[in-house]
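Structure in structure tokens, see below.
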């Protein structure tokens, strides 16, 4: 009996402790969500920030650009994230949604560039693709190979079918789902770029933008394109295991795994740090993060985090982010964003 | 005789819980054995043309000496009954006869048991054919959780005794007929054996044993779980089976022993006290312990 | 054998003796017997092989993470850089770079310098800072300091990188290899026990990453789980086993408990997401929410184990207690509960072990974030050890593979200890009635 | 006074109440004709006093803490200057967070405005007042309870019955948690599922042959077609579970047979715990093992044989899941095999059956219902298993039965649909809840059947 009472007493004590701990304490750390591509960079900055200041280290969840912006735009307040990372620019629809939910002042920070690579295992020969090849291999509907302005469901099974100069291997591409910014950028830069090589499709852009987008951006669903989740590292592991497969991911992952995988040439340009930084490589996109201005003076450390992120030691050409595979912006662009961050100038509209 | 008085004294403890009785009896007979220097069994242990012979059989369960130097012959086409109080070793003894004791961990057997002149505990003896020759029916009916047909057919099937379905059917039928169960179950062969009544289940088990066509059948208190009517049916059955088989039956019912057997062996605490023809044992026992048991002074 | 005696088979069907028939088929049957036995043994061997493969693959990948490569730098703690006012924010990185340049004076050019700086971990500057902050009197001296090497160097020293492959396919270039060789020949490279791994929180730098944050998160989560599930589980078991009348209500409870024990853990995650986060508005990523979810998940395990412990107490003891006039409650509290307690504890430990290894429900409630700070309370953002493993399995750096495996080893040590404790407890207090 | 101190004081008070009650009982009992006159033993009077002293105070404490924060926030906000008060709720909420950070002594961002500082001080004052009030209230309730019970103590007071009644209510409350959990699960997936079924017809979900939930999540994005037919997902789940069972059932069953029928004691004592270690390994470890070791191995061996094996083949995930389930099958089968009565074995042996014949023809059929129940439980575990498939199986919902291809499972879809994107309005996230509901219902049915079978089997031999 006495034991039982002791037990009960302990339970009450514990419950009370939890209760008192959870009731009424404020949030004193930054809450970051967003792209899995920016995640490795943001975490490095967060860690540096946490170690070199007295603020708490921000909490970062990798949710994908789409998911992150959705959470970010849900509203102002402690329960909503302060910052979202994005591997593409915020879209008008998202911007409107933010405004609608009261998130009116958003600070946009561009942090650098990332090449999107199509990589395969080192065990196989590197592919030399064009954007047109990529479009033909991965689009759901492609122009009839017999000619004419008709679309047929993608008939290509092997790379050789797409382009006779390519090897006779089945098309198997592991890539991100549509929630991912990498996917957005990939379809926009690589597939749309490839689709444009068909003049009639290019012409459609003006006439019927929606149909044009549907052609360029719809990825085939018959198994040749495998939605492998946002776990880029596992994609690398899987590529290593499967020399026939190609994987779509950010340059940083290629950079980290150069001993295992190699990037395919796109339009005869090899995805290297220099080529991307110089803008030679066609499939590269800028990376961003977005900050709620309303939170800046409320959640401790946001300003300092911004300073850390936009410092030269972080995003500069010799900064620690470049070591993680981020391709830095040119000096002028960096300065521009640095100044706008210092001034906390917000995004008024999407130019 | 002090020994007998000791036993007489323990006679009344039969009403006490079993465990205590055994301990007391053991304590008592401890003294008996000291006095009875020669533990030779009273009566004729041998028969002409024995089917099975046992010489100096000792069984231990771990440290417990369950059977002490028992020698006994089992004749052909006879029913020999083992009687004695609980825990006297009669069940253990018959389990030695087809090596069912092998399945009990920590059981050790010495001595010689032969079947048709061959030592069944010999080095090269295989228990499988042995058990096919020496079948066994247990205290509690234990039909397999299968149909009646499958229960009977199981033995012949594993031993490959039937070349085809028809032969198997025949074996099943003859076995059931021999066990006197045919008329009761012939329309229900597909029904589970566990659905039969207790007496029927026991006859099913007997039929199952017969189906293998053994030479010796061991029955370990086959009627202890049955009512008098079922018992009577089984006893009649045993009588009929005697024509073809050698039967060793363990029973704690003296009436049953006197009804079905030709010879009776009386066991007491692991010792074989007396063997003789059934009428002789029941009417004129030579040993005091036998007489005490038969007259119901303990047991 | 003697076959003289007629054995009474009906003359119509002249049959052989059983023995002959049996003996004929015996060889085949024994072969089948041996085969069957072999299958059984094989099955066990296969499970053992799987088990050892698992352990070998994990230990083989992970044992090297317990050592870390360090590089000795002679750092001149320049008083010009380290002035009194800004000791905490001074350019320690600069000091590290300077000492590296000092060791390799002939390295020139931005690229080469960058490659040189990359040889030591970015944690080196924090190490220097801590040194200066704790012992300000070292300023102005030149000190030999062992700083952690960068993960690539670490991987090379541990032999995970093949230095013979083509330069373009290596993370470390030829120049760096030469520097490493020079450092080793000067005894400036050493592998030491990796204390960081056990004391630090998560990090993006493999050489600075540790499991302590995750262990602390798991600890807080499990405290919540234990405090909730054990007393409630025991109380529920006592009620159901000792007091509950047999009616539809208690039947419903019973069916529920048995089902909950087999409901997929991820469903509990959905429950946590909908109820604790969205309805009650508890913080995301907090151990208290994780603990609540895991407590609900473990509760049926504890209840079932406790009930079987109670069942194992023989009715005679209850009758004895009731027989001397104890009330039912007294009987339970004085006799049944103490006898069943070891069994209940065993069940609780096993339930805790299961909760410790659980990942899926925690993914649903946001415990998969990058969290560097060691959680200090039940509402701090935290992750748990298995989730940390999941996160590290995703990290691009090669060095994280060994850290993941090492973290798995630590987790397995915890789990095996807990299970062994349960087994010992059971052995120790097991009573045969 | 901090809540913790208050709790400790209440506990001390309850203990004190215990002694007061006991003492009182002794005094009262002795007043008449000795202690024997008391209805219950003195400790029960003590316990009753302690309970009546502690429980109401604790309840008060709990309620107070629940509402304290809201009430105080409102009070503080009402004291804020007009300009701040008129902010939209969300921004007000941020200011409140700032105040709270100030109060808690956390680092605060930016400049602290005078009014915020004032509010924080106000908050702090209020908190102090509230704590003091709570302490006074709780302690007085406790003392009041103590006094009342003490006054009520007479030799006739049935203290034991009352105490036992209170404890019994507590026990009942604890045992109902299982029901609340089930209700909680059902409700938490049901509402969202209903919303999902408003967008996607239930028949399409249950019988649709195409699963492609990657709808465009923004208006200007072109996603896939957004089909929500759960059949491929379920077929994938069943395929992986079936592979797992193909690994686990033979190995588990044969090990159980060997351990319970053939192995000697020492072997059993070593092998059984070793096999059970497999069950104790966390699934995330299996996932890691499957993704990094088994899948590449299967892929490479497939290549050697000239088979095209997907690198996320169902085979790899299923096989590893099977390894995980081996001990589950083996220990259940072991139980059931041991439950087969010795008499049946004796019956078979006495007919001259060999050991394997006895096992195959008698023991296994007898234990079969139990084993089937156990296997069903294992299947339900395989269906609900998450981490292995998340790490080793794919996302592509192929409707195939080829174990070398990539399939996806219910749990993988739940995780990918839910992790991260938490907003509750697109069919995409709602689909996760519908899948969760389906998963819950399927495993529930499996469990009910399995438990019925197992229980029936247990009764058979009891």
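Per-chain residue numbering starts at 1, and chain names A, B, C and D are given in the order in which the chains are listed.
Rule of thumb we're sticking to: a residue touches a chain if its C-beta (ideal position, glycine included) is under 8 Å from a C-beta of that chain, and two chains touch if they have at least 3 such contacts.
Everything numeric in this text was worked out from a predicted model, so none of it was measured.
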item: Pair with more cross-chain C-beta pairs in contact, given B-D and B-C; value: B-D
item: Distance between chain centroids, defined by C-alpha means - chain B, chain D (Å); value: 57
item: Averaged-CA centre spacing for the pair chain C and chain B, given as whole angstrom; value: 59
item: Distance between the centres, which are taken as Cα means, of chain B and chain A, whole angstrom; value: 83
item: Inter-chain centre distance, chain A versus chain C - centres from mean C-alpha coordinates, in Å; value: 31
item: Chain B residues counted as touching two or more neighbouring chains; value: 128-129, 132-133, 158-159, 212
item: Junction residues of chain D - those touching two or more other chains; value: 167, 170, 291-292, 352, 354, 357, 391, 419
item: Set of chain A residues in contact with two or more other chains; value: 1, 4, 8, 17, 25, 27, 56, 61-62, 234
item: Interchain pairs in contact, sorted by label; value: A-C, A-D, B-C, B-D, C-D
item: Chain D residues touching chain C - in the complex, by the definition given at the top; value: 160, 163-164, 167-168, 170-172, 174-179, 181-182, 184-185, 187-189, 191-192, 250-255, 257-259, 261-262, 271, 273-278, 280-289, 291-293, 323, 326-327, 330, 352, 354-357, 359-360, 377, 380-381, 383-387, 390-391, 411, 414-415, 418-419, 424, 432-433, 436, 439-440, 443-444, 446-448, 450-451
item: Interface residues, chain D side, partner chain B - complex; value: 341-354, 357, 361-362, 365-366
item: Contact footprint of chain D on chain B as seen in their complex; value: 98, 100, 103, 127-133, 135-138, 140, 142-146, 154-155, 158-159, 205, 208-209, 212, 218
item: Residue numbers on chain D that touch chain A, as the complex places them; value: 2-4, 7-8, 11, 14, 43, 47, 50, 54, 58, 61-62, 65-66, 68-69, 72-73, 88-91, 93-101, 103-104, 106-111, 167, 170, 212, 214-225, 291-292, 295-296, 299-300, 308, 310-312, 391, 394-396, 398, 405-406, 416, 419-423
item: Sites on chain A touched by chain D in the complex; value: 1, 4-5, 8-9, 12-13, 15-17, 19-20, 23-28, 33, 54-56, 61-64, 66-68, 70-71, 74-78, 91-94, 102, 170, 172, 177-179, 184, 187, 213-214, 216-219, 221, 223, 226-229, 234, 237-242, 245, 294-303
